[in-house]
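Can you read through this structure? Questions will come right after.
For reference, chains read A, B, C and D in written order, and residue numbers begin at 1 within each chain.
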Amino acid sequence: MRPVSARDAAAEPQDLQLTELYKEFDALGLIPLWTEREDLMPQSPQPAAVPHHWRWADLYATAVKAGELVPVGRGGERRAISLANPGLPGLPHATPTLWAAIQYLGPHEVAPVHRHAQNAFRFVLEGEGVWTIVDGDAVAMRRGDLLLTPGWAWHGHHNTTDRPMAWLDGLDIPLSSALNTEFFEFGPDTLKDRSTPERSQAERLWAHPGLRPLSGLADTPKSPLAAYRWEHTDAALAGQLELEDEGHEGATAGTGHAAIRFSNPTTGADALPTIRTEMHRLRAGATVPATREVASSVWQVFEGDGAFVVNGERLDVTHGDLVTVPSWAEVSLEATGQLDLFRFSDAPVMEKLHFTTLPASVAERTTR
Amino acid sequence: MRPVSARDAAAEPQDLQLTELYKEFDALGLIPLWTEREDLMPQSPQPAAVPHHWRWADLYATAVKAGELVPVGRGGERRAISLANPGLPGLPHATPTLWAAIQYLGPHEVAPVHRHAQNAFRFVLEGEGVWTIVDGDAVAMRRGDLLLTPGWAWHGHHNTTDRPMAWLDGLDIPLSSALNTEFFEFGPDTLKDRSTPERSQAERLWAHPGLRPLSGLADTPKSPLAAYRWEHTDAALAGQLELEDEGHEGATAGTGHAAIRFSNPTTGADALPTIRTEMHRLRAGATVPATREVASSVWQVFEGDGAFVVNGERLDVTHGDLVTVPSWAEVSLEATGQLDLFRFSDAPVMEKLHFTTLPASVAERTTR
Amino acid sequence: MRPVSARDAAAEPQDLQLTELYKEFDALGLIPLWTEREDLMPQSPQPAAVPHHWRWADLYATAVKAGELVPVGRGGERRAISLANPGLPGLPHATPTLWAAIQYLGPHEVAPVHRHAQNAFRFVLEGEGVWTIVDGDAVAMRRGDLLLTPGWAWHGHHNTTDRPMAWLDGLDIPLSSALNTEFFEFGPDTLKDRSTPERSQAERLWAHPGLRPLSGLADTPKSPLAAYRWEHTDAALAGQLELEDEGHEGATAGTGHAAIRFSNPTTGADALPTIRTEMHRLRAGATVPATREVASSVWQVFEGDGAFVVNGERLDVTHGDLVTVPSWAEVSLEATGQLDLFRFSDAPVMEKLHFTTLPASVAERTTR
Amino acid sequence: MRPVSARDAAAEPQDLQLTELYKEFDALGLIPLWTEREDLMPQSPQPAAVPHHWRWADLYATAVKAGELVPVGRGGERRAISLANPGLPGLPHATPTLWAAIQYLGPHEVAPVHRHAQNAFRFVLEGEGVWTIVDGDAVAMRRGDLLLTPGWAWHGHHNTTDRPMAWLDGLDIPLSSALNTEFFEFGPDTLKDRSTPERSQAERLWAHPGLRPLSGLADTPKSPLAAYRWEHTDAALAGQLELEDEGHEGATAGTGHAAIRFSNPTTGADALPTIRTEMHRLRAGATVPATREVASSVWQVFEGDGAFVVNGERLDVTHGDLVTVPSWAEVSLEATGQLDLFRFSDAPVMEKLHFTTLPASVAERTTR
């Protein structure tokens, strides 16, 4: 059924009067609903953002060139190159709410100290040797680690080695822009603390399973655990698949798909209040059937090869590649060999605002 | 201190290479942070939306004309004329997250049944005689009432009288658009239930202070109380000022400013998960000193005359006038006579996403 | 299957050694589990408390006599006569967690000011003319009202009339005793504030359905609404039955049984953190089928006649009568005429400690 | 000031009538408040339970004897010998809410399968070789481990070695008795699963810091982590003291006192809904100044020597010794050498029921 819009109704004798009325609307700063309703209130999400695939090889190559041409310093603050969703022209937004970038720090470079209301994390695809100092706590960055910089924490980075290092930055910049919640403050231009501890203070307090320091009994909306180390993530994923091998299929439902969510140990909720972060492992040959969700996400291949099928389009991915999945897009996964995937999304936003609980009728109608 | 941006650094010999690099970025769907940082991450919110003042007299006059020229029906769905913030050209958005409109229903007209994921309310400036049927419950609309249509509730309206009726509609359409969470479904073209009960079923179950039906013990994110009646709102505001008169200044801090928030009786939280709704009463001559908040809002004068001073600009307001206040704008109020004000805002969004708790240093730095 | 207990095993040759061992246990302050297990860990709750029926006529008559013989004053504090469950000999406990008493205040008598950690309420069966001053707020007590005195609130009462007044007091004294959480403090011996307002300050701020004063946005574990008035309770119950009459059976499931819970408007939870309070109305002839719950409760007939059947025993009740229902007792109700019942219980304790969610197998096994 | 009680007032001419009245009370199942008020509502907690010290050497010796004389089997269920607080004569209760026992399992013995509503944990002072099977998951028990058996989980134990093993059992049996919330069910008389995995399924899913399996996103009131291993607890305590050594005094406030709470990774709350469990480490010579709390607890020395001072009485303790601390008792600690202490308490009960937030005036008045 094609709805008969008021716009059609306007193609009638009283056109002239209507034209006058619309001019009046315009002069008064008004817009009628009836001509906009279908765009404003579509039957299901119609994101301008599109599914898109960025190759790590391309990203890394441009980052290397930027490393030669562009200094890191005050004002620009970071040598970060952001994914610009082709559906959101001119905007450095991976999705309407998420910002994703490759950040590149050359040998012995320092990224100056600042803080901002936006929440941030870093996920390390490869390399090591950079420390990020978060609110005075030196946090090593190494392959496979997830490092948090919650909103309003002071932070700067320094590369202690002769080799460059690059990683994925994720922030809620577009969300913060859409909501006008931004705050930013410059800190010192350089870093005093050049210590290089194996483990941050935060980890020494918090990286013990189920153990909460008595000095940390106040719940915080943002995780106090600054670093989620690859050794733990890897062990958690491996553990789920081992259980599956032994016939305990609770964790994976027997699908060969293990997954963990990075969580805030003070509440069990997402590590950051606006960004969900997860790690997935698919056995060689495993698949994840098509699903949709009211949330947008960005995936990065950590290790292995495979394919995303997003809204019917197949994207073959390999080490480091990034894929954006807009809200309500249908996505399925296939693993060629063992496939490790990092994912971040805005799902906590949808859940907190209660935009996720839709009647089955809609889910059925809109799922193929 | 003016930060030295990477953009400046580009005005150097390696210009050519940099130009090449930027072309490459463009080709690959990438945007560098260092040229965008100041826009993306400003020191404090820089809303495109502006403070603006709409006169009810203008709105009502155009609504009357629309009533003559534009039918209400399937497709356009509602004869609603939305406030279009001059800072957000082309968009029918009052603020980046809020939609506000005058809706006008002529004598005996019917607005067809639909439902949508977006949350909605109606606030009645004047008049009566329309019933809105929300999920099968006939809810009378009368002067001063706040009526809820939480996301995904079926609803249609009918005017039982020979007179037109107009009211304020508030929705989270822009937020839902920004997040791509929209769902919409058409219901019957007309309304079967033409009953006109004084009180809705929802009120008979829930409009008893502090009393919860045993059939309603499951908490819901959206208030089950479909109507907040003016007689209660008026009494609550009057009560606060009477207490002040008697020397009990707890409720008003002795300022002559009474205020209530419309809340969800199952949780005590805001009536809608994304929209805060409040009613304010200022005694004649009372003022509300300048404040800022990380949230945008829309005010409507219910009764009386006074002035808003927003970011230094004085807006003299009267019955029915609407004022938009963007995030972080500084706003103060003055009441000429007794001034009753309705307000709605996106503050629950900011609170749930933890974008509201900023260090004092920022508040001080950015408050005049 | 009768379990073979270790006690039986002890009736063997090594008796002597065992006797020695048990003496040693005793000397060391030890008790073996194996001889106690069946008592300590029964298959389902085996309360020492029993179902019991107190007639209001008896209570009132003794209260009148006490009024003649026993002054109200410092030390004894209140002329309250408590229900002593026959299953808990020597203890003034209605159930293992709840204290219930008739309190009687003669013409122009004053009950001195004190406060305590224990939570208290008063429910008024009949009469009026007493004001209770709760943290400086004068609260009228009238027929059908529920008045709160949350833990640690200062309170005293005064009778402004020439007639005595009696009411039901409910507290969590036994719970507080069992947990050793008691605190008590004497206030002034008399009451300065002899004002007699129709409505308390608390009501003027809070007794508006769904409306929350902006001065009261901090959630509190104890309801800020000092008085739940009969006019509202009565209207809420009547409303549910009217809806049933009109074919909207949501509230009553078509059973002729309406009920409300008194709730904390800041959270929607129970009015007091340890005591659930409810009002029930059964149509003439209506019944409530047998149920059990892991919670103990005390019922009082507010109006009408009917019967409780508790663990198979029929108790015919009338105006003012009180009935105790221990944990896991099976209780059903019958209304002769319209029957209004007040109930309070310790269910919030069980829920907060997660002692209520038992597998169906147990529920089935233990329900007749 | 000694309050003048109504009991004194009774020593007057009307004695006879009063005696009659009291007889009448008794006949009707009533008890007056005014003669009981001081006992029922003391100025601060007056626990019948007393501070007490049990020596592990004594406990272990009696357990060995019991191992020779008393079989483990159906009915008695466990060879557990419980601490009987001398202030609670005849009751096997360590405090009014907590049950604590030494459980002893001889070589190759099996404790049969059962489940109960009461929450339980085991803390292992020394030894290894027993597995407890919790809801089908085989959990190794080793020195320093905390093992959970949340309410209603099936569980049985088996000793796989030629040596006996003994450990501390903690349950909320007295609380459950006081509240009449008990349920108990026998399972198989023996254990089919005799597997001896190093790590339980629960650990493989949950013992990864901050990582939540996607199959475990539903919050549970009871921790899904069946075992908290000593290696993690030890590392967490050591980490706090290392930070202190390095000048980061956040965790210990520079007192030489490190401590962790065992928590539920799905919520950050206590591992069990009714029992708080903690591990403390004091440096040699460190002290913990005197404090009180509205909660009762049981301490066990895990390693080292030191002293408790409880209500002024000094208790010198060593490896394995147990000390009970009733509600509101004043307790301070001293460490001779490095002192590791396990503690469990009913503090979550007090917090959930809001019995812990007392005005400073009381704290001051009642603290020496």
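Heads up, the rule we're going with is that a residue touches a chain if its C-beta (ideal position, glycine included) is under 8 Å from a C-beta of that chain, and two chains touch if they have at least 3 such contacts.
This one's a predicted model, so the numbers in the text were calculated from it and none came from an experiment.
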Touching both chain A and chain D (chains): none
Numbering shared by both copies at the chain D-chain C contact, with half separating same from different: same
Distance-maximising chain from chain D - centres being C-alpha averages: B
Length of the line joining the C-alpha centres of chain A and chain C, rounded to whole Å: 51
Distance between chain centroids, defined by C-alpha means - chain C, chain D (Å): 29
Chain B and chain C, separation of their C-alpha mean positions in angstrom: 43
Of all residues in chain A, the ones touching two or more other chains: none
Contact pairs between chains, per stated definition: A-B, A-D, B-C, C-D
Touch list for chain A against partner chain B, complex: 1, 3-10, 14, 17-18, 21, 24-25, 28-38, 40-47, 49, 52, 54, 58-59, 62, 65-66, 68-71, 73-86, 91-92, 96-97, 99, 101, 116-118, 151-152, 173, 175-186, 221-222, 273-274, 294, 296, 326-328, 346, 349-350, 352-355, 358-359, 361-362, 366
Chain B residues within the chain C interface of the complex: 201, 204-217, 219, 223, 225, 228, 232-233, 235-236, 239-240, 242-243, 248, 250-253, 259-268, 271, 278
